[in-house]
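Order of writing sets the chain letters: A, B, C, D, E and F. Residues in each chain are counted from 1.
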Amino acid sequence: MGIHQYFWSLNELERIYRCPGKFKFEEHSVAAHSWKVVQYAKTLADIEERNGVTVDWKKLYEITSSHDYGEIFIGDIKTPVKHASRELRALIQQVEEGMVDRFIEEHIPEEFKPIFRRQLQEGKDNSTEGLILEVADKLDQVYEAFAELKRGNTEKEFIEMYRHALIKISHIRLHCVDYFLDQILPDMVNDEIVSRVDIRSITDEALGGRRNGMEQ
Amino acid sequence: MGIHQYFWSLNELERIYRCPGKFKFEEHSVAAHSWKVVQYAKTLADIEERNGVTVDWKKLYEITSSHDYGEIFIGDIKTPVKHASRELRALIQQVEEGMVDRFIEEHIPEEFKPIFRRQLQEGKDNSTEGLILEVADKLDQVYEAFAELKRGNTEKEFIEMYRHALIKISHIRLHCVDYFLDQILPDMVNDEIVSRVDIRSITDEALGGRRNGMEQ
Amino acid sequence: MGIHQYFWSLNELERIYRCPGKFKFEEHSVAAHSWKVVQYAKTLADIEERNGVTVDWKKLYEITSSHDYGEIFIGDIKTPVKHASRELRALIQQVEEGMVDRFIEEHIPEEFKPIFRRQLQEGKDNSTEGLILEVADKLDQVYEAFAELKRGNTEKEFIEMYRHALIKISHIRLHCVDYFLDQILPDMVNDEIVSRVDIRSITDEALGGRRNGMEQ
Amino acid sequence: MGIHQYFWSLNELERIYRCPGKFKFEEHSVAAHSWKVVQYAKTLADIEERNGVTVDWKKLYEITSSHDYGEIFIGDIKTPVKHASRELRALIQQVEEGMVDRFIEEHIPEEFKPIFRRQLQEGKDNSTEGLILEVADKLDQVYEAFAELKRGNTEKEFIEMYRHALIKISHIRLHCVDYFLDQILPDMVNDEIVSRVDIRSITDEALGGRRNGMEQ
Amino acid sequence: MGIHQYFWSLNELERIYRCPGKFKFEEHSVAAHSWKVVQYAKTLADIEERNGVTVDWKKLYEITSSHDYGEIFIGDIKTPVKHASRELRALIQQVEEGMVDRFIEEHIPEEFKPIFRRQLQEGKDNSTEGLILEVADKLDQVYEAFAELKRGNTEKEFIEMYRHALIKISHIRLHCVDYFLDQILPDMVNDEIVSRVDIRSITDEALGGRRNGMEQ
Amino acid sequence: MGIHQYFWSLNELERIYRCPGKFKFEEHSVAAHSWKVVQYAKTLADIEERNGVTVDWKKLYEITSSHDYGEIFIGDIKTPVKHASRELRALIQQVEEGMVDRFIEEHIPEEFKPIFRRQLQEGKDNSTEGLILEVADKLDQVYEAFAELKRGNTEKEFIEMYRHALIKISHIRLHCVDYFLDQILPDMVNDEIVSRVDIRSITDEALGGRRNGMEQ
């Protein structure tokens, strides 16, 4: 009953973790993921603007910040399930939308209902803002998978996640995608190609002529 | 390729947690839940046997130990989603079964395929063993919710979980259900009706005449 | 070097936890907090707009999403320290701003420097957007403290946090503050005034006439 | 008092973790371990049956599911301690059995006492079922240690655990041991001999001709 | 081989948690417990000195800081086990001492062996320092149990731990025990007798005449 | 009001974690760190004594055990911030000392105030004990960073922490520094230069002639 119910519900997304079941060195809540998507989208939109594209910032704000809100109702359904059949996928989306609608119907005051209906609907359309959201969402998969691989995780899932997200991004026609592929991705990959840590030589360098007991 | 793939996959159920999103004082993995179901079912079957019912222990072993194995493939879909529409529920079950089948097809050696198909299929039929599994599965919901409520969790979900599981159990016609309702449940409820801890009186009792600085 | 460095750094805010040292039932990362602030601010701005106020959504987007980014550099300095002396507080803010500036200088490409300087500066000015950010930030303290108190945490810090945040909010002159105090806060407080869970009566109600072993 | 006490106690094994003190990437509760042992034993028994051996499934069910129940009473005593002296080991086992007996005496209703005494006694005898339990228990040590080594853990304890468990298994004369050594173990070892993840080449492959900014 | 082995081993006590298996709101590592014992002992010794007792600070330093080092070798054996029989208890202590001796023999350089033998032996003798250690060790049980009870934990074990530790302390004849019972314990108990948090009245007080929407 | 307040506050240092924000495989609380510093200092002082230096054990006890107590009041301020300007650093230290003083003023009974003032002041002066504390504190940074690097953490921060701590130690003129550099550090570095784990060869060695299915 009321906006309180909505504000209170946000806390749930701090307790839903992405990629349940897979071994990882670091967990990411849906809330933290959503925040990073908001951040990426901001910079991606800046890049679009610098290339003369007009960005509707209110729309971008609305669709990026709420893009995974529906997970409160449907939980964490694995990607392979969602894509198992076109029919199933459509049904799941219907159910999610139905539950969001019911939440709005029951809890949101009359005067805010249209606003919430607009904000909580699926935002990934073909508008500039919808495409930026799509890139930002996939970009977080790139970073999540990259961080695991960099830390030595050898689970196939993260290789696949990294690959698929890159491929998805590379097929979207936005200026910011070019910028990502040309300027950001090379830095990321080079960042990783760092020689492994060699404790002995760091030690030698730090101590210079001082130490004398170290065997060589 | 091979049984190794199956054994290795079991580890995933140690990392899928029940009731994602809800605030709780204690998390339960699907693996730990499955083990408790195996334990409850064993005692429930003992009760049936004592009442002259014949139990097929091999079948009971197979269906209880593997009853949530499919969650590896479909992840943690919330109960309200599963029940949102009969059609959706049927589709989700189809997909889960399809994914289990594909796993068996791809990874299990030819000679074990029939065994795995039998073990990994849905076990909750109307046989004695199927009904015992149903009771044992609900019994773990009773205990999970009871523990949260006892520790002061006031989330509505756990009240609902406790109520629904009790109601579900009470409608199943087995000797062990009578035993549970008549002998086990009253102990559980009375266990909770314990006077709140009073630190001052525990302190007084422990120290007897010894202490003198305590104000009264 | 480059935007990659910025995107990669966001991950750090998933690992900085609020209120270090205090006992709490639930931890909140700065990333998750930031996301909730983005969400509250969106609805607060909707309320302003409904009251005829013009909102600069781009500015609101920029200042809310990045408002705690500086914590990457200065870490979690306790509020009492920050406020210990006007002089110290000014110095700490200077240092934080200096470190953000240096980060921009070293890592952000020339053409984005002005954008990042604007986005990463302190956003809590006296503009509508700055005030909305202030309310949203305090609102999250209200919700964090409320959740702890509701779950039985008796630490004085959370009572203080709840009180101070409420007082701070009540002194800001915005339509959304009136709405919060008149419509949202009463729901929150009433939500809490729920009779404690009584397991015995829930059990009795669930089982109706069915059970017979329960002592009364 | 009553079966409730037993069901409630199971929760404790979700909070006792194996190998306390050692650095590991993943913790395993005794409950999750017990469930995996139940699973392995099921497949190992299937292999025995395929080789014409008769399996007593009720007995197997009882001894595998409860095989570490006694840890509720004695806690996690390190293996080196248990084996420090034959005398100490016998004494510890005596104490554990005494505490299980006392639990049964105090809490289990008269009519179930014989059943619980049989189920909670040490199951690793020389029967087919006892030997299968022994193999399944060691198999989980193999998998636990293997997973740590695979993820880069260099602690000597896990090398030792892996080695000792393999040696122990290889000395047990069962058909399923042959199957494990000939069919499962090679898959496990080959699974590990995977080339390390090379992020650059995955990136190149994913993007094909598309990207152009990547230095080579 | 060498002091490095000893320094490196300390890390293990950060990963051994006290009271394994029991439900608690907060875990305590043996390392953190040891540090608190060091702190309590310091103040307890200050109290003795103020009463004219001579304290051997070097001895007190040595025995308090290392008093649980042996847990690295024997792990966390439950108190009931240790006390199950006088014979078993003596044997376990023998084994622990044997393992500590072997560690010193194998890893500690010749010239430090006598020092380590003295430091790592059982320190709870009848000297002033030994008795202070005993009080400090029990005092941490009082605080651990008190914190759980205060936060709403109703597990019997913590009531028992609190009671037994208080009784144990009250039987030791030291000036600091009198001070604890007369000055510290009453503050602790009174600290707890705080009226439960009442969110509505805190809210009313914070907002004063400002709010108007709150129902009363 | 009273020593109780002090004892109760120690618990906070179990919940403040070092190096907030950085990715690490293992977290270290300030309490656990403090205990390890106490341990290192004890052995470092033993080395000084063996070289004829007189150690004031009471002073050493006081300054090592409490050396990070002030973090309860100021929280975890990042090292770069502390060192950002000489002026800021001095101010932060002033504030910390002021808060410790106020705590003593408000909570510590009159007769203990001088003792607490001496114990809780900054202990790192130029006395033997002050220098030992400095070495012990840096030694824990060496071990924390070493453990991360050894486990595959490639974050620059831990390389820097390791280097800086080594350099700092090497500039302090104490016998125990020579001992560390000549005897302990070489063991640490050699300990790391262990060939990577090769699962196949461990498997082959464990099974000897027994296994036959392993491809070669």
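FYI, a contact is a pair of C-beta atoms (placed from the backbone, for glycine too) under 8 Å apart; a residue touches a chain by one contact, two chains touch by 3 or more.
Here the structure is a predicted model, which is why all the values come from computation and not from measurement.
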- Minimal path length between subunit C and subunit D through chains that touch? 2
- For the copies subunit B and subunit C, the interface residues, called same if over half of the numbers are used by both and different if under half, are different
- Task: Identify, among D-F, A-C or C-F, the interface equivalent of B-D, where equivalent means over half of the contact pairs coincide by residue number.
- Result: A-C
- Compare the CA centroid of subunit A with every other chain's and tell me the farthest one. E
- By CA centroid distance, what chain is farthest from subunit C? D
- Averaged-CA centre spacing for the pair subunit F and subunit E, given as whole angstrom: 21
- Taking each chain's centre as the mean of its CA atoms, subunit C sits from subunit E at a distance in Å of 37
- Using mean CA coordinates as chain centres, what's the subunit B-subunit F distance in Å? 44
- Where subunit E touches two or more other chains simultaneously, the residues are 11, 13, 23, 25-26, 147, 150, 152, 183, 185
- Query: Quick one: which chain pairs are touching?
  - Reply: A-B, A-C, A-D, A-F, B-C, B-D, B-E, C-E, C-F, D-E, D-F, E-F
- So in the complex, which bits of subunit A are touching subunit C? 1-8, 10-11, 13-14, 26, 28-29, 31-32, 34-36, 38-40, 42-43, 46, 50, 55, 57-58, 60-62, 65-66, 109, 111-112, 115, 119, 139, 143, 147, 179, 183-185, 187-188, 191
- Can you check the complex and tell me which residues of subunit B touch subunit A? 11-13, 15-17, 20-23, 72-78, 80-81, 84-85, 87-88, 91-92, 95-96, 98-99
- Query: Of all residues in subunit E, which touch subunit C in the complex?
  - Reply: 25-26, 147, 150-152, 194, 196-197, 199-200, 202-203, 205-207, 210-215
- Query: Inside the complex, what are the residues of subunit C that reach subunit E?
  - Reply: 23, 25, 146, 149-150, 152-154, 159, 162-163, 166-167, 170, 181-183, 185-186, 189-190, 192-193
